[in-house]
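Down below are the structures I want you to see.
Shared between the two complexes below is chain A, which pairs with chain B and chain C, respectively.
Then we have the complex of A and B:
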């Protein structure tokens, strides 16, 4: 839509809301919050009150600017950054739980300690290996099913699609209690390898999720272009390599990376096939988080473990949004 | 693909919808369905088989129903708060163009963090952390701990909900909106007559997704579980019973009840949404 010019009343209402919010936060900060947090609160309140003043100035402007959008962006960014700052505060604390949002100490001991923590490295490696293996096992079948769902008028496709989404959202503990017992009875390589057992049970997460995201990817592929190339005499391999892969390859890769990252978060299924002697990263963090004194360690490990997902968001934010919103169609 | 919004709009999706499936495509799709049956249906079937004979103990257990009540409260709270915040921010940021990219990135960053880490941050914030300092909260208590981990989950996933609501709003047909503006429709009329009907399917899908995701919440509640307390979720009770209590029989029956209740819940919501839309 061509955005309409907001009315003066709309802009002045937004200015009033920004002022009330800023005034409330300023009062809370000045009268309630301790030292460094007070400064943070006053800064946020100052930004909101300045926004209010700016909104009054532009209220009668013919520009298509939305004060609500600017205010919404400011509040959302604060709501997101407060907990991120809290996590940094936890990770840089010297011991125990810090009492302020702004870091009390800026020690990097928890971060430097991660590299020498053999147990943590082992758990992270186990999680990554199992998630990648489960995603690799799920990728080709998921691609086949996604093609069927996205491209054709296969009669049961609506039912299959619903079943796939339902499988992706099943309580993990139900599959863990049912499937863990069965997997532990398997012999051969599964009896010796924790990673294989983990990958087998985590395929229950990776397969529905990969089907979900790959259906979104394939729905956006330039099929008519592929058909045109084929009509012009291009061979299947040429169509695949010259037309389809350049168009959907990056999204395909992003979808599989996303699947592996979500699969690596699993706690319930992993707990059913391995124990404290060979935990995955979520299992180890859960065990350590039970002790409040280990808060810095857990927060630091969590921040470092989030780096791959943050990189994916930086590299392909639009693709990730599209893949996650794929269920809308 | 719509480049501006980052969402595939229905009028631009290049899907060959009318083509029947070839035999090769069906076989390739069936391989996934067979694998899905092996990794999902077989464990579920085994779960149901193992649970036979244990339903009496679960259905007659007061602590179990207390935990289910807590799960309902947590689920309803999370979904309601996220839907309201998602709509408020989604609508406010709808026409934001220049700085939407950095805002979207920041909104999605918490979702990149692990469930355990988010839960631990939320618990620490209310148990002696900055939230306890700011609002002078008393330390301890199972309810405070559960509220803390739910706060962590809310923080972790609300940005994602905002981005998805924004994506849903971007699907509203621009031609209809332009026509409504040309016809002199007020902002409220445009919202109720054009935007709301177009965005409702996306919102219903989002509510169903968040409902099931909150219903199965495990990591945080399991982190703060206290022996004998019903301030926890059904998933945490099942996990505790199966992996810590080693009472597999009752755990399997409880898991089946949890799945059935979750399906009933989402079915009720979808049915209600269909009735409301039909009016």
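Then we have the complex of A and C:
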């Protein structure tokens, strides 16, 4: 769809909003913020005021660009950068809680300390193992459900889709109350292994999410290519290995990694089946966050824990966006 | 070399409607048969049934007298060019060309020779190492064709194989593909939505509409002696003029002319009081401006509403009003065929020597033996030879 040319009034209104925002932030920064944060604030204000000036210049041009979109993107960047900067500042602070967004002094002690923290490593390993196991367990039924949703005209598929979305939206706390109790009553290997208990209960998160992303994968699979290969004389195995897998393999992998990453972030369900002796990474970080002295280490661990998600987004932004149901151009 | 026979093949869509309805079709060994029909005529469904991607509800598919109805595609050895090209996005052109043949374990030397020849014939030699996304739609389509041509298959099926080619190169590509077909004597089924293409590329043409074969014959037979109103109204550019007509004694009254009911037309009409009269545009001779033998012909004089000039002829559009009662009959016929057959004008194809102007009077003569009558209830050609 070709975007329409915004009106002059719309662009001038956006210019006014950008100027007011910029002017406000500049005043706030100059009069209230200390040291390096003042510079940051002035830079943000400068960008907004420049956007305002640019918007006035292009107000009556035939270009299809939307000033509101540019302004929205700038606000989004600021809203994302502020907490990230704060986390970095916390993680690199030399002692106590930092007072500025931009770190006043840098140290990597908190990061180097992570590798030696047995409890943290154990919690991270537990989280990762349980998430991977839960995703692996969910993958097969999810593939079946995704096939049903993406490839069949079976009438109850709408019910399945609704149930999948409902399960994904169900509050973790609600699941934890019932699901946790049930899992704790299980005997056998579940009584001895925290990871197994975690994986079992976290399947409730992994299954609907995996179904959702795999439905996107299958909906985008080149089925006509598979049919052409069949017409060319390929057996089912050949079609699968030489046509479908090379085409959907990367998306399939990205979808399962995404599922595992989201599952590993679970807190409520994990709390219901583990104890303080064997916490997961989110549980441990939350517990330690209560102690102001451990702020740097918690922030450093949080930043490290975010690395896989950032890498996935950097490596396959289109795939991730498509799997989550959005469009990417 | 192989022959193909379909016997009462019926295919139902998942939504419940018939895609193919009791299809009987014979394609002789080494023959190229064109299948034409408008959109939703189920041309693709026909090819998918032959290749084995669609299992019929009823009927049998025979290749060389072998019943392959329930056999999987790999046992049929049929090559198909898909309308959407179906190229492997992660393989380059060369791999795409050889993919199907490699699956069949064709002789490597012969395959290499065939690939070289097809890449030259289809102008693909410069793009052999490129992936499909780097190619234009016309090149992608030629790769899809090449992939089938290099296969030593029993049958070749083509689904709209030339649609992405530009008008300039289409005849050349068509002749290249048909030359391959003729040289190797491969039995082929070419489905196309282009009537001109179908009439020019195959010795025999099958007209498919609403999942049924309406007529099979040579282009000349289809054009001169259509089996029904759909074939008459679908073939030809412009197609046959179809006018409502009612019998008044020994006369057949149409909105523009009165036609004498001679023995031929009388026998065709039987006791029907209403029929549809069909006249090809090129049989409407302009007696105003040229010397035309009008003896025994159907004559009428009317006003020219519009003129469309073509390189070798001009089309004069002669408007008329239809009686409301007959208009209802026409609506029912169009509903039956789910196709726009009738216009409120007659098209006369006249020579360009003398320019015809809108608003001028024109005296048209149609040879009596060129008038065709159709049954409005069934659409059947009543005057078929």
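By our rule, the second predicted complex is superposed on the first by the 294 of 329 C-alpha atoms of A that agree within 3 Å, B and C clash if a C-alpha of one lies under 4 Å from a C-alpha of the other, contacts with A are read in each partner's own complex, and residues count from 1 in each chain.
Definition applied: a contact is a pair of C-beta atoms (placed from the backbone, for glycine too) under 8 Å apart; a residue touches a chain by one contact, two chains touch by 3 or more.
Since we're looking at a predicted model, the values are computed, not measured.
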Side-by-side fit of chain B and chain C on chain A, or clash: fit
Which of chain B and chain C A:243 touches, first, second, both or neither: second
Contacts of A:322 with chain B and chain C, given as first, second, both or neither: first
Partner chain in contact with A:148 - chain B first, chain C second, else both or neither: first
Which superposed partner A:255 touches (first chain B, second chain C, both, neither): neither
Which of chain B and chain C A:279 touches, first, second, both or neither: neither
Which superposed partner A:22 touches (first chain B, second chain C, both, neither): neither
Touched chain A residues, chain B compared with chain C: B
Partner chain in contact with A:222 - chain B first, chain C second, else both or neither: both
First, second, both or neither for A:203, with chain B first and chain C second: first
Partner chain in contact with A:232 - chain B first, chain C second, else both or neither: second
Shortest span in Å between Cα atoms of chain B and of chain C, once chain A is used as the common reference: 5
Common ground on chain A, meaning residues reached by chain C in one complex and by chain B in the other: 153, 222, 224-225, 227
Of all residues in chain A, those that touch chain C in their complex: 153, 222, 224-225, 227-235, 238, 243, 246-247
Complex contact set, residues of chain C against chain A: 14, 51-53, 72-74, 77-80, 82, 84, 86-90, 99-100, 103-104, 147, 151
Complex contacts: residues of chain A adjacent to chain B: 1-4, 7, 10, 28, 32-34, 37, 66, 68-73, 75-77, 79-81, 83-84, 86-87, 89-90, 96-101, 137-138, 140-145, 147-154, 160, 163-164, 166-167, 169-179, 181-182, 200-201, 203-204, 207-208, 211, 216, 219-225, 227, 261, 265, 267-268, 271-272, 281-282, 285-286, 289-290, 292, 295, 298-299, 301-303, 305-306, 309-310, 312-314, 317-318, 320-322, 324-325, 327-329
Residues of chain B touching chain A in the complex: 1, 6-8, 10, 13-22, 25-26, 28-29, 31-33, 35-36, 39-40, 42-48, 50, 88-89, 91-96, 99, 101, 103-122, 124-125, 127-130, 132-134, 152, 155, 158-160, 162-164, 167-168, 171-172, 174, 177-178, 181, 187, 201-202, 205, 209, 212-213, 215-216, 218-219, 222-223, 234-235, 238-239, 242-243, 248, 251-252, 255-256, 258-259, 262-263
